[in-house]
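You will see chain A twice below: alongside chain B first, and alongside chain C after that.
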Partner chain A sequence: MNKKKYLDHLFEPIVIINNENEIIYYNHFFSTFTGLSPRKIKKIEDVHSLMSSVDNKIILKEQVDKVRVNGGVSVSKEGLISFVDSEDVFNCVIKVSQASEDEVLICFNDLSIEKSIYDKYRKQVEELKVSYKQLVLADKLKSIGELSAGISHEISNPLTIASGNTEILEILLESQGELSSKDDIFESISNIQSSLLRINKITLNMKKFVHEGIKSKQFVSVDRLIQSSVALVTPSFERLGITLSCEQFSDISAYVDELAIEQVLVNLLKNALDAVSYSSKKIKEVKVFTSLDSSNNSFSIFIQDSGDGIHEEDVDKIFNPFFTTKELGEGTGMGLSLSSQIIEEHQGEISLFENSKEGCTFSLTLPSAEISNYLDLETRNSNLEGTENINVLVLDEDYTNLNFYTSLNEQYGGSFLVSRSISKSIQLFESININKVIIGESLFNKENINSILSLADDIEIYVYSESDNIDGVDISGVIKTPPSKKDVFNKLELNLGDEDED
Partner chain B sequence: MSEGLKINTGNENGNLVVTFSGLIDEDSNFSSLENKLIGNVIFDFEEVSLINSCGIREWVTFLESVDKGVTLTYRNCRQIIIEQVNMVHGFIRDGAQIESFYAPYYCEDCDQEHKIHLNVSDVKDGQAPVLKCPKCKTADLEFDAIEEQYFQFIK
Partner chain C sequence: MKTSTKTTGIKKPKYNVLVVDDEEKICKIIKIFLDMSSRFSNVVLAKDALEAMMKLNNQDFDLIIVDKSMPNRSGLDFILNLKKSFRLGKIKVLLISGCLTKEDTLLAMKLGIKDILIKPFNRQRLMEKVSTILNF
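Take a look at the complex of A and B:
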């Protein structure tokens, strides 16, 4: 059997040419692939007239010449080609190799279907992203809609106060503004101002909540996260006479997309409100409390209600999209499903922590701020633990300062690891090669900072301060607060991104 | 998104005739035929314009789901279908028959290609039947493929 006959069994189109570029052999699949009959192929005098490159990415002649001169194999870029007498366009890679001293083998790798499926997949992923974004916004708008009765009540109270005070002002001014009434005028103005400020705060809260925003993680206080969510739902709780109590929170930080987590908390609080208001129990209350895990690597927020609990048969379905136990038109069934996705995006977990006829408790567990920030940076830089990286640890209690450094990571691809805790910083030292440390002045003056300094013998230490120098301390430099990009990059001798912008 | 595959069913002398038209590709869905295929079934490929490798996968998976007791006959197979039958194991299952198909011919006098409808019984000893050009009616047509390769399915 002629060795070339073996090529007839392959599912790849193959052509062999001689030194005159004449086709001396083609396999069975070549004819099927190109749609060219043996009669047409026979008429082709030069292989280079067999096909043409549609996007000029494949130049067969150059490949063939190169192989004839250098031997070996030449693989083309992926490009579009069409064959003679055909309107079909194929997305191909062409491989040319020396078959013998006077023969060159040309193999066509058709990637048209892969390309078409890839394009289709990309388009569908983009559509899904848009749909998801719309779902998130729809969920927010629905929440605001449901809370609007309470919120409008919350707005109408200060409006009534402001309106009453304008009447008082009018009366006082009609009485020619006697000296004795001057204090009353100032008091009325002050009442009006505080009422308007209150309204402004409510509308700002709403505006912030429905704002689509850019997904961006920041260091935030968990206390602040809970308080801003609670502020949105409190009017609805008050209107229905349901107690919403929050424990005194400990100083826990999170590295999260603040608006997204707020959306989750509002969803959970709204569900708790519904559960309690539908219940016939006398005690109607919802509690919010937090806890830190024993190793301080994660924290949880719990929302506990005194409703009737969730039916056992529904427990496995509550996080499914479109699952709802509410009346038709009252719930979309997307709240917990979206919340679950948001928390998963934060490497966290949302779960039904406790469920009984006495009520249920949902828990929302997230990694500590330091771990989240580390994971985020690791994903972005892919080789954070590599020794060639310049990794800078920023240890500070001030959220604004910490977020200044995380923004440098986002904008300039920096490697600033950020922490509010001395003990967690020690853990970072154990796993990552840290070259420089910036310490906020408040932490620098704490006694246990020595546990960091003792680890950092060969490491440059910088301290944040409002003054230019810190006397009597062996450090590499002082970074003035508030920090500027230029100052930080100059002091740390880093060269990242566009130096002009500050 | 492709224009898709359309599937129509009809009855011919008590046999179910399934007519496919359009593209057989990754979006092809044969679920409308589920539980409908019983007894003798004729697949008609007259209107099929294209089949790609993903479509072949869908087709083979579909065939595997068809009850083994069903007798399948392929009719009006376009050249692209015959090429797949010859190349892909499982495109036609054991016991199924090809009744008729199209074969490429060429008329040198008219310089025109023709796809001629043939019955399997027209092909003797792997040789394409000699036919006159349907246009000029005088010249003998030339078979426009490799007979050994094209008629492989008849063996």
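Take a look at the complex of A and C:
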């Protein structure tokens, strides 16, 4: 019994019970913790009447019985308990262990403080997430605000053409064949239609840019990414008479959150425009070009301006939040900081590639579409313990089809690796166990099939086709275009989970 | 240069106009609107400042209608250049634009540009501005 006195020095509530479940010992802290007087504790005949579980997560009787039978230690789940004659609720974990042959020790670990800290932390994280979202949106709205003068000019031209042509149409119809020919009328109608389409395209671009969007990655052409960002800033460049030139891009694909990357590109282009317009140099131009680093499986987009460059003392600060070299009220100083955060989320890097008095070049480097898609899949699958994945490689040139499969990964836990290039995917996925391959019709030929079979002999090959059969080729099945998830999961004999409807 | 015509005994001058806009369709609309009036003898179109300079070398004009925003050289730059080289002379200028800043308006005033027409415009607005500038 002397040894038990040591327990009096502990700041954890502890009781010891005998085989009849009577409390034979409790330490000082137990009395303080529960608020029960020694007299009240003495009156408790059975330890199970000492406390009750509020959320039914803790069953003390089961724990005690288990320890009596098996020995060792039993740790309960985290749960809410209250003690007899008390209204206080405690968030606890109960540890039960054998103290001696006929004694069981029960220790109450109070987690109430930890839980309140955790709840507070979670609330702060949620608030931070909301603030970040608002910051991203504010940055987009500011960009649109700054570009609005150019955009309004861009809209006013097709509006003038459309309204002018309606007047001309009216005149032509009033003249009733005296002056007008059918061709003139059709020309006016076509001018109105093309102008309205032009306006629609501009507003759609803006809407798409400002839209918060769902944070989801997609296979996109880098060319398209650059063109849609350039389209938003071109009017502002034209307004200031600054040349914006884009090289003819090669066929590079990216697996990115399109809207987020567009926001980064617009930010960089806007900064380049400011740098050039503030410069006193005669040549005022901004260039956009790309490079593909095949050895590192990444690609880069460069934005080069002919401004005055960045001061040496500012170079280390440009990616810091709220750092700006612009006049008060002109810049929030969040553009590059947010851009860098967005690129980091894509496992990429944004940097000041070149800086001199002749101008500066920013580079944005991202992993190739295949690598990015694979990394995403790996991260997701590493969270799914105990499941064996069937890896399916999808080879197709069509972006819509590829995105169909990556969406299946997100929605149904598929393991679809997608690529537009057979040689690249074979090089990349050599060390990965590919079980099945789906190949688009445009890439389907004997040479490609042999290359795929070099990955493994027992690989199953499926082909996209509008017809049910493909003669003369040893394939496991045909997937009809356009693909449906039910058809794909059935043909590939994959488990669709609870979802079985298209 | 102004040419005269004989209608009901009163001589009404006819004007030569140069329209400069990179939007070919807008140039064409302006030409159609001006041609509907009997007050213009020649409406010449140019798609940029360079082409406009060439047209100015070949012919005299009473009015230049120029777009502010054009690639390579803006409409204001073009007029500034004409003024500096003393080629603007008595030619009147109507600036057209979809969006003007305070600085643009101040520069237009400094250059002696007679009026500004904001896009989108209709035939009536265009004719009002042109007739006021040419005083007919």
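One rule holds in what follows: the second predicted complex is superposed on the first by the 417 of 502 C-alpha atoms of A that agree within 3 Å, B and C clash if a C-alpha of one lies under 4 Å from a C-alpha of the other, contacts with A are read in each partner's own complex, and residues count from 1 in each chain.
Everything that follows uses one rule, which is that a residue touches a chain if its C-beta (ideal position, glycine included) is under 8 Å from a C-beta of that chain, and two chains touch if they have at least 3 such contacts.
Everything numeric in this text was worked out from a predicted model, so none of it was measured.
Student: Touching A:Ser484, do we find chain B (first), chain C (second), both, or neither?
Tutor: After superposition on chain A, A:Ser484 lies in contact with neither partner.
Student: Once the structures are superposed on A, label A:Ser175 by its partner contacts, choosing first (chain B), second (chain C), both or neither.
Tutor: neither
Student: Touch check for A:Asn70: first (chain B), second (chain C), both, or neither?
Tutor: After superposition on chain A, A:Asn70 lies in contact with neither partner.
Student: What is the contact status of A:Arg39 with respect to chain B (first) and chain C (second): first, second, both, or neither?
Tutor: first
Student: Residues of chain A touched: more by chain B or chain C?
Tutor: So, of the two partners, C touches more residues of chain A.
Student: Pick one for A:Ser131: touches chain B only (first), chain C only (second), both, or neither.
Tutor: In the superposed model, A:Ser131 contacts neither chain B nor chain C.
Student: Should A:Phe11 be classified as contacting the first partner (chain B), the second (chain C), both, or neither?
Tutor: first
Student: Using the superposition described at the top, list the residues of chain A that contact chain B and also contact chain C.
Tutor: Overlap of chain B and chain C footprints on chain A: empty.
Student: Show which residues of chain A lie in contact with chain B when the two form their complex.
Tutor: 8, 11, 28-29, 31-32, 37-39, 112-113, 117, 120
Student: What part of chain C is in contact with chain A in the complex they form?
Tutor: On the chain C side, the touching residues are 23, 25-26, 29, 32-33, 36, 69-74, 77, 97-99, 101, 118-123.
Student: Which residues of chain B touch chain A in the complex?
Tutor: Residue list for chain B touching chain A: 1, 26, 52-54, 83, 87, 104, 106, 113, 142, 144-146, 149.
Student: Under the touch definition given earlier, write down the residues of chain A that touch chain C in their complex.
Tutor: Listed in rising order, the residues of chain A that touch chain C are 149-150, 152-157, 159-165, 167-168, 171, 191, 195, 238-239, 241.
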